[in-house]
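I have placed the structure first, in the form of structure tokens, so that the comments after it can refer back to it.
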Amino acid sequence: MSTSPDAPARSLRDLAEALGLELPTADVEITGLNTIDEAGPGDLTFLANDRYAVKLKESRAGAALVYMDFDGDVPMPLLRSTHPRVAFAELLDLFHPRPSYEGGVHPTAIIPESCTVGEGASIGAYAVLGENVHVGAGTRLHPHAVLYDNVRVGEHCEIHSHVSLREGVIVGDRAIIQNGTMIGADGFGFEPDAKGHLRKVPQIGTVIIGDDVELQALAAVDRSAMGATLIGDGTKIDNFAQIAHGCVIGKHTVICGQVGLAGSTTVGNHVMLGGQTGSAGHVVIGDGVQAAAKSGIMVDVPPGAKVGGVPAMPVKDALRSLLYVQQLPDVVRRLKSLERWRKESEPEDEAEAS
Amino acid sequence: MSTSPDAPARSLRDLAEALGLELPTADVEITGLNTIDEAGPGDLTFLANDRYAVKLKESRAGAALVYMDFDGDVPMPLLRSTHPRVAFAELLDLFHPRPSYEGGVHPTAIIPESCTVGEGASIGAYAVLGENVHVGAGTRLHPHAVLYDNVRVGEHCEIHSHVSLREGVIVGDRAIIQNGTMIGADGFGFEPDAKGHLRKVPQIGTVIIGDDVELQALAAVDRSAMGATLIGDGTKIDNFAQIAHGCVIGKHTVICGQVGLAGSTTVGNHVMLGGQTGSAGHVVIGDGVQAAAKSGIMVDVPPGAKVGGVPAMPVKDALRSLLYVQQLPDVVRRLKSLERWRKESEPEDEAEAS
Amino acid sequence: MSTSPDAPARSLRDLAEALGLELPTADVEITGLNTIDEAGPGDLTFLANDRYAVKLKESRAGAALVYMDFDGDVPMPLLRSTHPRVAFAELLDLFHPRPSYEGGVHPTAIIPESCTVGEGASIGAYAVLGENVHVGAGTRLHPHAVLYDNVRVGEHCEIHSHVSLREGVIVGDRAIIQNGTMIGADGFGFEPDAKGHLRKVPQIGTVIIGDDVELQALAAVDRSAMGATLIGDGTKIDNFAQIAHGCVIGKHTVICGQVGLAGSTTVGNHVMLGGQTGSAGHVVIGDGVQAAAKSGIMVDVPPGAKVGGVPAMPVKDALRSLLYVQQLPDVVRRLKSLERWRKESEPEDEAEAS
């Protein structure tokens, strides 16, 4: 991708200093950032995965950012970092600063008089606000965002197109909500009556989202039946994740794509739920839990546990089960061998009946 | 959540009478409904899950709704019901009646002259109707709903923002479609030609949705290749559920989040499909079937069956398989012990070759 | 479904000639196409699945399209094809030609002066284009499509309502994007800092979509961190599929509903990924691979492989494992029998300790 035209060339040394890294052994002008394959002489690249180390040798990049003890024989000067991914994110911010938008309200946006809009906020074309909505200072609503009555969005948030925030939803500061995500639609609450007809349980709660939360595209956080569905500060939620009514998600937690949490699931802080994981309702997933992709969490998971499988169990038990299942043909063969031996050992008439 | 300001205080006795429940042993003024944790002296709360029975003892709630034979020692007067969840839904309706909207068409809504709009219908800002659309009496289209040509929506429906109803889709009465759900997008029909290029099969069918159906946020029901994809009366479909082209779903059925039904799946009445379940195409799932979360339904399921696992099998078989797999380390240990015994029993030269 | 009123009646013989098929033994006037159940005397129907062969005998259809060696005893004249599904798709195009839209820009569409719109393009109500957007000739944007800055859409595409195309996304010619699909939202890139707080990695790449691609409703293709997420020509992607940042998808590949591909997954040409399949990041799935529904692809898959299960393995291994697991109760029974025999064979005092 092209470097931001506003980004001046900077020397590798200057970049090392800006990021607090050890100075490189050689200096070079850096005008942009690029992938190992596409980087040219002015670009700094990044070794993201050991799998690609061999490519770095042949890259045309002017310099590379690597981890501390990388010892490959590569032709370009290196920056080294104990957290190279974080350092590269900092470089991306330096070279590609987030564009600043002129605050202001597009003339087609619908904003009732009961709403308040903070300084420097930007409200895009055809955005629709209900009654008593508050949009914080510096927050940007892209075109076609829809905020129902009594929504409150904090400062310096970014709400993308085709997002709906339903009645009374509260969003903290610096949250990012990508396109098409729906916050606060009704929870899935129905009770069968005596005939088996399903009666809707009114969902009178709401959703409260903390500071620095990011929800990717086409995710859903449902409003609770009563009280609020909660998403803690700093938590990141990927596409197509389903957070059902009454869930309470902790801080700095990562919920990957297509995860489905049933109603009233409690998730701790610093948790990582792999893609396509599901939880049963009312389970408690402790702080620091890591669940492998496609886990099926049926019961509470203690803090710090690493789980996987359906039903989810400690990862090492899940792997052990897999290995044992793969041994089954051999087990059956050995069992047959023993049975043949028994048959040969026993006189015909003594053979067991069952 | 705050009690509706319009709801007057009512005595616990009056509420019992209104719901047809046994009168409570003590009376108290009730001004709202709330969760066990957050309820105050004027609130009626609800024991939703035995897991929380211990909390009820310490709740500040003025009264609680419980099941008939609850025998916990709690400080507040109780209402008892054989269907406490249904009773609580009725209470929620009493205290939080659905807001009535002024009918009327927002001046920015686009409604061609060929359309008809029933009495008391409400059409929100920037809603767009195609040609020959009918919107029934009392139905509410929220802002940013888009109805393609020839759509017909019945009476007293609620269609939320960012919903698209595609060409010719028919929706019954009292249906609720939450935000971002897409009804009638093309089915996934392609045929490889001799070169392996995929030719689109035109999807000329449509979708017909019955009365009292609710689709939660970001669900999809695809139009059939020919004929119609059908959703029966009273059926409820959760977020991210995928109902492919040509599916026929019965009445009063529950389809949980992230379920994926492949083309031409037939689902009976009063079925319950757990979250993240999938079906192969052209299977028939009988009336009253219950499928556990994450089931993979590959073949027809007879009425009333309870299934789980991948491939889906009777739940008790799936559980038995799991238990047996967990025994495998023990099985292998016992097998080795028998083999050692055999080795000790046999003279060296008679050891079996294979 | 009703036949297009513009489609004149055609004789079965004429249709055979138009499609290059063998002439039928009898002729009949055909006025439309319909399903086996609903076809009447003027309709041509299609045997889509052997499962329905018995129904064809009782169908009122005037004629039927079948595969070459179909030998059922049915009452109507037959057309035979080596690719009956492709032939039926051609018939659907003949009888139901895609409606032609008047080109033109709806007065409510927002199109900055920096944009270019090709001849015959159609831009619907409330569509919003950012700066420097290009819409190719003959392309149709439905109402409520949102194209961010610098998007380029090729010729004769169809972009449905509630689709967002994010900054710099490129779409080829003749692509179809169904409702609510989001292309180019930020990839899910975060790095934990020393405190475990998650720092956003700016996603400065984009998405490039080839010619003749179709994305169904509510799918998501995320922009890459750097470079571009790529979708090859002729590839078809179903509802709720998640294509993460940096994925490279080949040509003429089929990705079914609710598939989730983690970051930097590479998928070859002519691949078929069954519904609800997931991949780990950075894996390579070779040309012609077929993955069964609900597969969990953890490592590279060689070209042409047929895989299934979690973790994905060759389908025949996955099936074999299943069969062996089903034998486990029998294995344990036989093991117990051997143990009883051993016990009977050994003197009491020699019984093994462990």
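Letters A, B and C mark the chains as written, and numbering starts fresh at 1 in each.
One rule holds in what follows: a residue touches a chain if its C-beta (ideal position, glycine included) is under 8 Å from a C-beta of that chain, and two chains touch if they have at least 3 such contacts.
Because the structure is predicted, anything quoted here is derived from the model rather than measured.
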Self-check item: Shortest path length from chain B to chain C (each step joins two touching chains)
Solution: 1
Quiz item: Looking at where chain A touches chain B, is over half of the residue numbers used by both copies, so same, or under half, so different?
Solution: different
Practice problem: Would you mind pulling out the distance in Å between where the CA atoms of chain A average out and where those of chain B do? | Solution: 25
Self-check item: Residues within chain C bordering two or more other chains
Solution: 126, 144, 162, 180, 218, 240, 258, 276, 325, 328, 331, 335, 338
Quiz item: Can you list the chain B residues touching chain C in their complex?
Solution: 110, 126, 128, 144, 146, 148, 162, 164, 166, 180, 182, 185-186, 188-194, 196-202, 204-206, 218, 220, 222, 225-228, 240, 242, 244, 258, 260, 262, 276, 278, 280, 282, 296, 310-311, 320-321, 324-325, 327-328, 331, 334-335, 337-338, 341
Quiz item: Which of the residues in chain B come into contact with chain A in the complex?
Solution: 1, 33-35, 37-38, 49, 51, 83, 85-86, 88-89, 92-93, 96, 98, 108, 124-126, 142-144, 160-162, 176, 178-180, 214, 216-218, 234, 236, 238-240, 252, 254, 256-258, 270, 275-276, 293-294, 322, 325-326, 328-329, 331-332, 335, 338-339, 342, 346, 352, 354
